[in-house]
Amino acid sequence: MNEPTIGHRVWAIPEGYIPPESHGPAPEMTSHEAVCVLNASEKDASVELTVYFEDKEPVGPYRFKVPAQRTRHVRLNNLDDPQLIPMGTNYSSVIRSDVPIIVQHTRLDSRQAENALLSTIAFAVNE
Amino acid sequence: MNEPTIGHRVWAIPEGYIPPESHGPAPEMTSHEAVCVLNASEKDASVELTVYFEDKEPVGPYRFKVPAQRTRHVRLNNLDDPQLIPMGTNYSSVIRSDVPIIVQHTRLDSRQAENALLSTIAFAVNE
Amino acid sequence: MNEPTIGHRVWAIPEGYIPPESHGPAPEMTSHEAVCVLNASEKDASVELTVYFEDKEPVGPYRFKVPAQRTRHVRLNNLDDPQLIPMGTNYSSVIRSDVPIIVQHTRLDSRQAENALLSTIAFAVNE
Amino acid sequence: MNEPTIGHRVWAIPEGYIPPESHGPAPEMTSHEAVCVLNASEKDASVELTVYFEDKEPVGPYRFKVPAQRTRHVRLNNLDDPQLIPMGTNYSSVIRSDVPIIVQHTRLDSRQAENALLSTIAFAVNE
(Lines give C-alpha, C1' and ligand atoms only; values in the text may rest on other atoms or scores of the structure.)
Protein backbone atom coordinates (compact mmCIF):
# COMPACT_ATOMS: atom_id res chain seq x y z
CA MET A 1 0.00 0.00 0.00
CA ASN A 2 2.98 2.31 -0.50
CA GLU A 3 1.47 4.75 -3.02
CA PRO A 4 2.67 8.20 -1.92
CA THR A 5 1.73 10.06 -5.11
CA ILE A 6 -1.93 9.06 -5.63
CA GLY A 7 -3.89 12.18 -6.40
CA HIS A 8 -3.54 15.94 -6.61
CA ARG A 9 -3.13 18.82 -4.18
CA VAL A 10 -5.78 21.13 -5.68
CA TRP A 11 -9.35 20.20 -6.66
CA ALA A 12 -12.37 22.20 -7.79
CA ILE A 13 -16.14 21.56 -7.65
CA PRO A 14 -18.18 24.14 -9.60
CA GLU A 15 -21.58 22.81 -8.49
CA GLY A 16 -22.76 23.61 -5.00
CA TYR A 17 -26.29 23.86 -3.57
CA ILE A 18 -27.57 22.62 -0.23
CA PRO A 19 -31.32 22.01 -0.63
CA PRO A 20 -33.21 23.89 2.09
CA GLU A 21 -35.79 21.14 2.70
CA SER A 22 -35.66 17.45 3.54
CA HIS A 23 -37.84 14.39 3.90
CA GLY A 24 -37.00 11.31 5.92
CA PRO A 25 -35.04 10.53 9.08
CA ALA A 26 -32.12 12.78 10.08
CA PRO A 27 -29.23 12.77 9.63
CA GLU A 28 -29.09 10.02 6.95
CA MET A 29 -31.79 11.40 4.67
CA THR A 30 -31.23 15.10 5.37
CA SER A 31 -30.51 16.96 2.12
CA HIS A 32 -26.79 17.59 2.01
CA GLU A 33 -23.67 17.93 -0.08
CA ALA A 34 -20.43 16.20 0.77
CA VAL A 35 -16.81 16.19 -0.30
CA CYS A 36 -15.36 12.70 0.01
CA VAL A 37 -11.59 12.87 0.47
CA LEU A 38 -9.25 9.90 0.23
CA ASN A 39 -5.73 10.22 1.60
CA ALA A 40 -3.99 7.04 0.45
CA SER A 41 -0.56 8.44 1.31
CA GLU A 42 1.59 7.74 4.35
CA LYS A 43 1.38 11.34 5.63
CA ASP A 44 -1.53 13.12 7.34
CA ALA A 45 -3.18 15.74 5.12
CA SER A 46 -4.12 19.27 6.16
CA VAL A 47 -6.96 20.33 3.89
CA GLU A 48 -8.35 23.82 3.21
CA LEU A 49 -11.68 24.38 1.50
CA THR A 50 -12.70 27.76 0.07
CA VAL A 51 -16.30 28.52 -0.93
CA TYR A 52 -17.11 30.84 -3.85
CA PHE A 53 -20.46 32.60 -4.31
CA GLU A 54 -22.31 34.39 -7.11
CA ASP A 55 -22.51 37.77 -5.47
CA LYS A 56 -20.08 38.09 -2.59
CA GLU A 57 -16.45 37.48 -1.64
CA PRO A 58 -15.20 33.92 -1.14
CA VAL A 59 -15.42 32.50 2.39
CA GLY A 60 -12.77 30.35 4.00
CA PRO A 61 -10.61 28.54 4.36
CA TYR A 62 -12.49 25.83 6.19
CA ARG A 63 -9.83 23.51 7.63
CA PHE A 64 -9.89 19.80 8.36
CA LYS A 65 -7.48 16.88 8.63
CA VAL A 66 -7.48 13.57 6.80
CA PRO A 67 -5.06 11.16 8.48
CA ALA A 68 -2.70 8.97 6.45
CA GLN A 69 -4.43 5.93 4.93
CA ARG A 70 -7.88 7.24 5.82
CA THR A 71 -10.94 8.67 4.09
CA ARG A 72 -13.12 11.50 5.29
CA HIS A 73 -16.59 12.32 4.01
CA VAL A 74 -17.19 15.95 4.98
CA ARG A 75 -20.77 17.23 4.96
CA LEU A 76 -20.63 20.81 3.77
CA ASN A 77 -23.80 21.50 5.79
CA ASN A 78 -21.86 20.92 8.98
CA LEU A 79 -18.90 23.24 8.38
CA ASP A 80 -19.29 26.30 10.63
CA ASP A 81 -15.84 27.85 10.99
CA PRO A 82 -15.55 30.60 9.79
CA GLN A 83 -19.34 30.43 9.13
CA LEU A 84 -22.17 28.13 7.94
CA ILE A 85 -22.67 27.81 4.18
CA PRO A 86 -26.14 29.26 3.53
CA MET A 87 -28.78 26.79 2.33
CA GLY A 88 -30.61 27.31 -0.96
CA THR A 89 -27.64 29.26 -2.36
CA ASN A 90 -25.44 28.55 -5.38
CA TYR A 91 -21.77 28.10 -4.59
CA SER A 92 -18.55 26.39 -5.75
CA SER A 93 -15.61 25.05 -3.80
CA VAL A 94 -11.86 24.69 -4.17
CA ILE A 95 -9.99 22.17 -2.03
CA ARG A 96 -6.24 22.44 -1.31
CA SER A 97 -4.15 19.87 0.55
CA ASP A 98 -0.51 19.68 1.55
CA VAL A 99 -0.31 16.03 0.41
CA PRO A 100 -1.94 14.46 -2.68
CA ILE A 101 -5.56 13.43 -2.17
CA ILE A 102 -8.51 12.38 -4.32
CA VAL A 103 -11.85 14.19 -4.07
CA GLN A 104 -15.39 13.21 -5.06
CA HIS A 105 -18.50 15.38 -4.77
CA THR A 106 -21.97 14.13 -3.78
CA ARG A 107 -25.42 15.56 -3.16
CA LEU A 108 -28.37 13.83 -1.53
CA ASP A 109 -31.51 15.80 -2.32
CA SER A 110 -34.61 14.88 -0.32
CA ARG A 111 -36.68 17.99 -1.01
CA GLN A 112 -39.36 15.74 -2.43
CA ALA A 113 -40.57 12.53 -0.77
CA GLU A 114 -38.10 10.30 -2.61
CA ASN A 115 -34.45 11.20 -2.59
CA ALA A 116 -32.22 11.92 -5.57
CA LEU A 117 -28.44 11.62 -5.79
CA LEU A 118 -25.68 13.11 -7.89
CA SER A 119 -21.95 12.50 -7.81
CA THR A 120 -18.80 13.17 -9.80
CA ILE A 121 -15.08 12.98 -9.29
CA ALA A 122 -14.03 16.59 -8.70
CA PHE A 123 -11.80 18.45 -11.18
CA ALA A 124 -8.13 17.71 -10.53
CA VAL A 125 -6.03 20.82 -11.03
CA ASN A 126 -2.63 20.22 -12.64
CA GLU A 127 0.12 22.02 -10.79
CA MET B 1 -6.28 32.55 -3.07
CA ASN B 2 -3.90 33.56 -5.84
CA GLU B 3 -4.55 30.70 -8.29
CA PRO B 4 -4.69 32.32 -11.76
CA THR B 5 -4.36 29.09 -13.76
CA ILE B 6 -7.10 26.87 -12.26
CA GLY B 7 -9.03 25.35 -15.11
CA HIS B 8 -9.34 25.40 -18.88
CA ARG B 9 -10.62 27.83 -21.51
CA VAL B 10 -12.69 25.31 -23.53
CA TRP B 11 -15.18 22.77 -22.16
CA ALA B 12 -17.68 20.40 -23.78
CA ILE B 13 -20.90 18.76 -22.54
CA PRO B 14 -22.28 16.13 -24.96
CA GLU B 15 -25.50 15.50 -23.01
CA GLY B 16 -28.27 18.07 -23.24
CA TYR B 17 -32.02 17.69 -22.78
CA ILE B 18 -34.42 20.02 -21.01
CA PRO B 19 -37.39 17.91 -19.87
CA PRO B 20 -40.62 19.47 -21.11
CA GLU B 21 -42.63 18.76 -17.95
CA SER B 22 -42.20 19.48 -14.26
CA HIS B 23 -43.70 18.72 -10.88
CA GLY B 24 -43.30 20.83 -7.76
CA PRO B 25 -42.87 24.52 -6.95
CA ALA B 26 -41.21 26.82 -9.52
CA PRO B 27 -38.48 27.75 -10.02
CA GLU B 28 -36.64 25.38 -7.62
CA MET B 29 -38.22 22.15 -8.81
CA THR B 30 -38.75 23.12 -12.45
CA SER B 31 -36.99 20.61 -14.72
CA HIS B 32 -33.82 22.26 -15.95
CA GLU B 33 -30.22 21.86 -16.98
CA ALA B 34 -27.45 24.08 -15.71
CA VAL B 35 -23.81 24.81 -16.38
CA CYS B 36 -22.03 25.69 -13.14
CA VAL B 37 -18.99 27.85 -13.85
CA LEU B 38 -16.28 28.67 -11.31
CA ASN B 39 -13.90 31.53 -12.04
CA ALA B 40 -11.27 31.24 -9.31
CA SER B 41 -8.93 33.63 -11.13
CA GLU B 42 -8.31 37.31 -10.44
CA LYS B 43 -9.75 38.41 -13.80
CA ASP B 44 -13.38 38.62 -14.93
CA ALA B 45 -14.31 35.96 -17.48
CA SER B 46 -16.28 36.52 -20.70
CA VAL B 47 -17.92 33.21 -21.53
CA GLU B 48 -19.47 32.05 -24.81
CA LEU B 49 -21.70 28.99 -25.03
CA THR B 50 -22.57 27.32 -28.35
CA VAL B 51 -25.39 24.78 -28.63
CA TYR B 52 -25.20 21.87 -31.10
CA PHE B 53 -28.24 19.94 -32.35
CA GLU B 54 -28.93 16.65 -34.10
CA ASP B 55 -30.48 18.08 -37.23
CA LYS B 56 -29.72 21.78 -37.63
CA GLU B 57 -26.87 24.27 -37.48
CA PRO B 58 -25.35 25.21 -34.13
CA VAL B 59 -26.88 28.21 -32.33
CA GLY B 60 -24.89 30.83 -30.45
CA PRO B 61 -22.85 32.14 -28.98
CA TYR B 62 -24.81 32.80 -25.83
CA ARG B 63 -22.70 35.25 -23.81
CA PHE B 64 -22.40 35.80 -20.08
CA LYS B 65 -19.85 37.07 -17.55
CA VAL B 66 -18.42 35.38 -14.50
CA PRO B 67 -16.62 37.94 -12.34
CA ALA B 68 -13.24 37.20 -10.76
CA GLN B 69 -13.48 34.98 -7.67
CA ARG B 70 -17.13 34.22 -8.31
CA THR B 71 -19.28 31.27 -9.44
CA ARG B 72 -22.25 31.39 -11.75
CA HIS B 73 -24.85 28.64 -12.16
CA VAL B 74 -26.50 29.31 -15.52
CA ARG B 75 -29.85 27.65 -16.21
CA LEU B 76 -29.86 26.76 -19.88
CA ASN B 77 -33.67 27.08 -19.85
CA ASN B 78 -33.32 30.80 -19.25
CA LEU B 79 -30.90 31.70 -22.05
CA ASP B 80 -32.83 33.56 -24.75
CA ASP B 81 -30.29 35.52 -26.78
CA PRO B 82 -30.00 34.66 -29.64
CA GLN B 83 -32.96 32.31 -28.95
CA LEU B 84 -34.45 29.89 -26.39
CA ILE B 85 -33.12 26.31 -26.39
CA PRO B 86 -36.13 24.16 -27.33
CA MET B 87 -37.42 21.81 -24.65
CA GLY B 88 -37.62 18.06 -25.21
CA THR B 89 -34.77 18.25 -27.74
CA ASN B 90 -31.35 16.59 -27.69
CA TYR B 91 -28.41 19.00 -27.75
CA SER B 92 -24.77 19.42 -26.71
CA SER B 93 -22.84 22.48 -25.64
CA VAL B 94 -19.33 23.89 -25.91
CA ILE B 95 -18.20 26.61 -23.50
CA ARG B 96 -15.33 28.98 -24.27
CA SER B 97 -13.87 31.55 -21.87
CA ASP B 98 -11.10 34.14 -22.13
CA VAL B 99 -9.73 33.12 -18.71
CA PRO B 100 -9.45 29.61 -17.26
CA ILE B 101 -12.64 28.36 -15.63
CA ILE B 102 -14.03 25.03 -14.36
CA VAL B 103 -17.41 23.75 -15.60
CA GLN B 104 -19.87 21.20 -14.19
CA HIS B 105 -23.11 20.06 -15.81
CA THR B 106 -26.34 19.31 -13.92
CA ARG B 107 -29.90 18.26 -14.71
CA LEU B 108 -32.88 18.29 -12.38
CA ASP B 109 -35.63 16.19 -13.91
CA SER B 110 -39.06 16.49 -12.31
CA ARG B 111 -41.13 15.00 -15.11
CA GLN B 112 -42.39 12.43 -12.63
CA ALA B 113 -43.60 13.26 -9.13
CA GLU B 114 -40.20 12.75 -7.50
CA ASN B 115 -37.20 14.49 -8.96
CA ALA B 116 -34.06 12.90 -10.32
CA LEU B 117 -30.60 14.44 -10.65
CA LEU B 118 -27.52 13.91 -12.77
CA SER B 119 -24.19 15.70 -12.75
CA THR B 120 -20.67 15.44 -14.11
CA ILE B 121 -17.62 17.61 -14.45
CA ALA B 122 -17.65 18.71 -18.12
CA PHE B 123 -14.94 17.57 -20.54
CA ALA B 124 -11.89 19.85 -20.32
CA VAL B 125 -10.41 20.45 -23.76
CA ASN B 126 -6.62 20.58 -23.88
CA GLU B 127 -5.39 23.57 -25.86
CA MET C 1 -16.46 27.65 -34.39
CA ASN C 2 -13.29 26.37 -35.99
CA GLU C 3 -12.21 23.82 -33.36
CA PRO C 4 -11.03 20.75 -35.29
CA THR C 5 -9.27 19.02 -32.41
CA ILE C 6 -11.92 19.00 -29.66
CA GLY C 7 -12.04 15.55 -28.16
CA HIS C 8 -10.60 12.07 -28.56
CA ARG C 9 -10.96 9.21 -31.02
CA VAL C 10 -11.40 6.40 -28.43
CA TRP C 11 -13.70 6.40 -25.41
CA ALA C 12 -14.70 3.74 -22.88
CA ILE C 13 -17.76 3.31 -20.62
CA PRO C 14 -17.38 0.46 -18.10
CA GLU C 15 -20.95 0.68 -16.78
CA GLY C 16 -23.73 -0.76 -18.88
CA TYR C 17 -27.15 -2.11 -17.87
CA ILE C 18 -30.48 -1.60 -19.59
CA PRO C 19 -33.18 -2.03 -16.94
CA PRO C 20 -35.72 -4.60 -18.10
CA GLU C 21 -38.79 -2.76 -16.74
CA SER C 22 -40.22 0.73 -17.13
CA HIS C 23 -42.92 3.03 -15.79
CA GLY C 24 -44.37 6.01 -17.60
CA PRO C 25 -45.06 7.01 -21.19
CA ALA C 26 -42.88 5.56 -23.98
CA PRO C 27 -40.46 6.39 -25.39
CA GLU C 28 -39.49 9.32 -23.09
CA MET C 29 -39.73 7.48 -19.80
CA THR C 30 -38.72 4.03 -21.04
CA SER C 31 -35.70 2.77 -19.11
CA HIS C 32 -32.67 3.21 -21.36
CA GLU C 33 -28.99 3.95 -21.64
CA ALA C 34 -27.57 6.42 -24.12
CA VAL C 35 -24.24 7.54 -25.47
CA CYS C 36 -24.32 11.24 -26.27
CA VAL C 37 -21.75 12.06 -28.94
CA LEU C 38 -20.68 15.59 -29.88
CA ASN C 39 -18.82 16.13 -33.14
CA ALA C 40 -17.71 19.75 -33.00
CA SER C 41 -15.29 19.29 -35.89
CA GLU C 42 -15.74 20.26 -39.53
CA LYS C 43 -15.68 16.63 -40.75
CA ASP C 44 -18.39 13.97 -40.50
CA ALA C 45 -17.54 11.21 -38.01
CA SER C 46 -17.90 7.47 -38.58
CA VAL C 47 -18.34 5.89 -35.17
CA GLU C 48 -17.97 2.25 -34.14
CA LEU C 49 -19.24 0.95 -30.81
CA THR C 50 -18.18 -2.43 -29.39
CA VAL C 51 -20.04 -4.05 -26.49
CA TYR C 52 -18.21 -6.21 -23.93
CA PHE C 53 -19.92 -8.78 -21.70
CA GLU C 54 -19.12 -10.71 -18.54
CA ASP C 55 -19.30 -14.17 -20.03
CA LYS C 56 -19.16 -14.08 -23.82
CA GLU C 57 -17.21 -12.58 -26.70
CA PRO C 58 -17.59 -8.86 -27.51
CA VAL C 59 -20.29 -7.93 -30.01
CA GLY C 60 -19.90 -5.30 -32.72
CA PRO C 61 -19.04 -3.03 -34.14
CA TYR C 62 -22.30 -1.12 -34.15
CA ARG C 63 -21.85 1.69 -36.67
CA PHE C 64 -23.39 5.16 -36.85
CA LYS C 65 -22.55 8.58 -38.24
CA VAL C 66 -22.37 11.93 -36.49
CA PRO C 67 -22.26 14.75 -39.05
CA ALA C 68 -19.89 17.69 -38.68
CA GLN C 69 -21.07 20.26 -36.14
CA ARG C 70 -23.82 17.99 -34.87
CA THR C 71 -24.64 15.94 -31.78
CA ARG C 72 -26.20 12.50 -31.66
CA HIS C 73 -27.78 10.86 -28.62
CA VAL C 74 -27.80 7.15 -29.37
CA ARG C 75 -30.10 4.94 -27.29
CA LEU C 76 -28.27 1.67 -26.81
CA ASN C 77 -31.67 -0.06 -26.52
CA ASN C 78 -32.33 0.71 -30.16
CA LEU C 79 -29.12 -0.61 -31.72
CA ASP C 80 -29.93 -3.87 -33.53
CA ASP C 81 -27.16 -4.43 -36.07
CA PRO C 82 -25.45 -6.87 -35.58
CA GLN C 83 -27.91 -7.68 -32.73
CA LEU C 84 -29.90 -6.16 -29.84
CA ILE C 85 -28.07 -5.64 -26.55
CA PRO C 86 -29.86 -7.91 -24.07
CA MET C 87 -31.77 -6.18 -21.28
CA GLY C 88 -30.99 -6.87 -17.62
CA THR C 89 -27.39 -7.77 -18.52
CA ASN C 90 -24.13 -6.18 -17.41
CA TYR C 91 -22.00 -4.81 -20.25
CA SER C 92 -19.37 -2.18 -21.12
CA SER C 93 -18.75 -0.26 -24.32
CA VAL C 94 -15.83 1.16 -26.27
CA ILE C 95 -16.45 3.88 -28.86
CA ARG C 96 -14.05 4.59 -31.71
CA SER C 97 -14.33 7.44 -34.21
CA ASP C 98 -12.28 8.56 -37.21
CA VAL C 99 -12.45 12.19 -36.06
CA PRO C 100 -12.21 13.53 -32.50
CA ILE C 101 -15.50 13.48 -30.60
CA ILE C 102 -16.67 13.88 -27.00
CA VAL C 103 -18.80 11.18 -25.34
CA GLN C 104 -21.11 11.23 -22.31
CA HIS C 105 -23.00 8.28 -20.85
CA THR C 106 -26.53 8.43 -19.40
CA ARG C 107 -29.06 6.03 -17.92
CA LEU C 108 -32.73 6.72 -17.23
CA ASP C 109 -34.02 4.04 -14.89
CA SER C 110 -37.80 3.85 -14.47
CA ARG C 111 -38.05 0.38 -12.99
CA GLN C 112 -39.79 1.93 -10.00
CA ALA C 113 -42.60 4.50 -10.27
CA GLU C 114 -40.27 7.50 -10.10
CA ASN C 115 -37.32 7.64 -12.44
CA ALA C 116 -33.66 7.86 -11.51
CA LEU C 117 -30.80 9.22 -13.61
CA LEU C 118 -27.07 8.76 -13.80
CA SER C 119 -24.50 10.36 -16.07
CA THR C 120 -20.76 10.80 -16.50
CA ILE C 121 -18.36 11.96 -19.15
CA ALA C 122 -16.93 8.74 -20.62
CA PHE C 123 -13.25 7.82 -20.18
CA ALA C 124 -11.13 9.49 -22.87
CA VAL C 125 -8.39 7.15 -24.05
CA ASN C 126 -5.05 8.81 -24.78
CA GLU C 127 -3.66 7.74 -28.12
CA MET D 1 -10.16 -4.90 -31.25
CA ASN D 2 -6.42 -4.89 -30.68
CA GLU D 3 -6.19 -2.12 -28.08
CA PRO D 4 -3.68 -3.31 -25.46
CA THR D 5 -3.17 0.06 -23.75
CA ILE D 6 -6.75 1.20 -23.02
CA GLY D 7 -6.89 2.37 -19.44
CA HIS D 8 -4.79 2.61 -16.31
CA ARG D 9 -3.47 0.21 -13.69
CA VAL D 10 -4.49 2.22 -10.60
CA TRP D 11 -7.88 3.83 -9.90
CA ALA D 12 -9.40 5.55 -6.88
CA ILE D 13 -13.00 6.11 -5.74
CA PRO D 14 -13.28 8.46 -2.74
CA GLU D 15 -17.04 7.98 -2.26
CA GLY D 16 -18.24 4.79 -0.64
CA TYR D 17 -21.42 4.07 1.33
CA ILE D 18 -23.63 1.00 1.18
CA PRO D 19 -27.12 2.07 2.30
CA PRO D 20 -28.31 -0.21 5.09
CA GLU D 21 -31.94 -0.38 3.91
CA SER D 22 -33.67 -1.30 0.67
CA HIS D 23 -37.05 -1.31 -1.03
CA GLY D 24 -38.06 -3.53 -3.92
CA PRO D 25 -37.22 -7.01 -5.15
CA ALA D 26 -33.78 -8.51 -4.38
CA PRO D 27 -31.19 -8.60 -5.75
CA GLU D 28 -31.94 -6.04 -8.52
CA MET D 29 -33.29 -3.28 -6.31
CA THR D 30 -31.20 -3.99 -3.23
CA SER D 31 -29.20 -0.90 -2.25
CA HIS D 32 -25.64 -1.48 -3.39
CA GLU D 33 -22.44 0.00 -4.72
CA ALA D 34 -20.54 -1.47 -7.63
CA VAL D 35 -17.23 -1.09 -9.40
CA CYS D 36 -17.65 -1.74 -13.11
CA VAL D 37 -14.34 -2.90 -14.61
CA LEU D 38 -13.64 -3.17 -18.34
CA ASN D 39 -10.64 -5.16 -19.50
CA ALA D 40 -10.43 -4.44 -23.23
CA SER D 41 -6.93 -5.89 -23.46
CA GLU D 42 -5.83 -9.30 -24.73
CA LYS D 43 -4.56 -10.43 -21.30
CA ASP D 44 -6.53 -11.52 -18.24
CA ALA D 45 -6.40 -8.99 -15.40
CA SER D 46 -5.75 -9.75 -11.74
CA VAL D 47 -7.38 -6.97 -9.75
CA GLU D 48 -6.87 -5.97 -6.11
CA LEU D 49 -9.23 -3.65 -4.27
CA THR D 50 -8.33 -1.98 -0.98
CA VAL D 51 -10.95 -0.32 1.21
CA TYR D 52 -10.12 2.76 3.33
CA PHE D 53 -12.14 3.87 6.35
CA GLU D 54 -12.50 7.01 8.45
CA ASP D 55 -11.36 5.53 11.74
CA LYS D 56 -9.52 2.24 11.20
CA GLU D 57 -6.80 0.63 9.13
CA PRO D 58 -7.46 -0.18 5.45
CA VAL D 59 -8.84 -3.64 4.68
CA GLY D 60 -7.78 -5.77 1.75
CA PRO D 61 -6.81 -6.59 -0.78
CA TYR D 62 -10.00 -8.08 -2.14
CA ARG D 63 -8.99 -10.05 -5.25
CA PHE D 64 -10.89 -10.84 -8.41
CA LYS D 65 -10.17 -11.60 -12.07
CA VAL D 66 -11.43 -9.88 -15.19
CA PRO D 67 -10.70 -12.03 -18.24
CA ALA D 68 -9.34 -10.53 -21.47
CA GLN D 69 -12.02 -8.77 -23.53
CA ARG D 70 -14.56 -8.99 -20.72
CA THR D 71 -16.30 -6.69 -18.26
CA ARG D 72 -17.06 -7.38 -14.64
CA HIS D 73 -19.51 -5.45 -12.46
CA VAL D 74 -18.50 -6.21 -8.88
CA ARG D 75 -21.02 -5.50 -6.14
CA LEU D 76 -19.05 -4.28 -3.15
CA ASN D 77 -21.82 -5.65 -0.89
CA ASN D 78 -20.88 -9.16 -1.94
CA LEU D 79 -17.13 -9.07 -1.30
CA ASP D 80 -16.41 -11.13 1.82
CA ASP D 81 -12.75 -12.10 1.68
CA PRO D 82 -11.01 -10.94 3.85
CA GLN D 83 -14.29 -9.57 5.34
CA LEU D 84 -17.62 -7.91 4.47
CA ILE D 85 -17.62 -4.14 4.02
CA PRO D 86 -19.88 -2.84 6.79
CA MET D 87 -23.13 -1.20 5.70
CA GLY D 88 -23.98 2.38 6.64
CA THR D 89 -20.27 3.24 6.86
CA ASN D 90 -18.22 5.79 4.90
CA TYR D 91 -15.34 4.30 2.92
CA SER D 92 -13.16 4.79 -0.16
CA SER D 93 -11.53 2.30 -2.48
CA VAL D 94 -8.36 1.96 -4.53
CA ILE D 95 -8.23 -0.55 -7.38
CA ARG D 96 -4.96 -1.94 -8.75
CA SER D 97 -4.62 -4.22 -11.79
CA ASP D 98 -1.69 -5.89 -13.52
CA VAL D 99 -3.02 -4.88 -16.94
CA PRO D 100 -4.68 -1.58 -17.92
CA ILE D 101 -8.41 -1.43 -17.14
CA ILE D 102 -11.15 1.22 -16.97
CA VAL D 103 -13.25 1.64 -13.81
CA GLN D 104 -16.64 3.25 -13.18
CA HIS D 105 -18.39 3.59 -9.82
CA THR D 106 -22.15 3.23 -9.26
CA ARG D 107 -24.59 3.31 -6.34
CA LEU D 108 -28.21 2.23 -6.38
CA ASP D 109 -29.90 3.63 -3.30
CA SER D 110 -33.35 2.24 -2.49
CA ARG D 111 -33.59 3.36 1.12
CA GLN D 112 -36.76 5.22 0.19
CA ALA D 113 -39.57 3.76 -1.92
CA GLU D 114 -38.17 5.04 -5.21
CA ASN D 115 -34.56 4.35 -6.06
CA ALA D 116 -31.83 6.88 -6.75
CA LEU D 117 -28.64 6.38 -8.75
CA LEU D 118 -25.22 7.95 -8.92
CA SER D 119 -22.26 7.16 -11.13
CA THR D 120 -18.89 8.53 -12.18
CA ILE D 121 -15.81 7.32 -13.97
CA ALA D 122 -13.30 6.63 -11.19
CA PHE D 123 -10.11 8.70 -10.82
CA ALA D 124 -7.36 7.34 -13.07
CA VAL D 125 -4.01 7.52 -11.32
CA ASN D 126 -1.07 8.45 -13.55
CA GLU D 127 1.86 6.16 -13.01
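Side notes on the structure shown:
Order as written gives the chain letters A, B, C and D; numbering starts at 1 within each chain.
Rule of thumb we're sticking to: a residue touches a chain if its C-beta (ideal position, glycine included) is under 8 Å from a C-beta of that chain, and two chains touch if they have at least 3 such contacts.
From a predicted model like this one, the values you see are computed outputs, not experimental measurements.
Relative orientation of subunit B with respect to subunit C corresponds to a rotation of 90°, obtained by superposing CA atoms and rounded to a multiple of 5. When the interfaces B-D and A-D are ranked by how many C-beta pairs touch across them, A-D comes first. Using CA-based centroids throughout, the chain positioned farthest away from subunit A is C. Chain geometry summary: the mean Cα position of subunit A and that of subunit D are 21 Å apart. Here the spacing of subunit B and subunit D, counted between their Cα centres, is 30 Å.
Counting only residues that touch two or more partner chains, subunit D has 113-114, 116-121. Of all the residues in subunit A, the ones that touch subunit B in their complex are 10, 12-17, 50, 52-55, 57-58, 88, 90-92, 94, 105, 107, 109, 111-114, 116-123, 125.
Residue ranges of subunit B in contact with subunit A, taken from their complex: 1, 3, 6-7, 24, 28-29, 36-38, 40, 69-73, 102-104, 106, 108, 110, 113-121, 124. Partner subunit D is touched in their complex by these residues of subunit B: 114, 116, 120.
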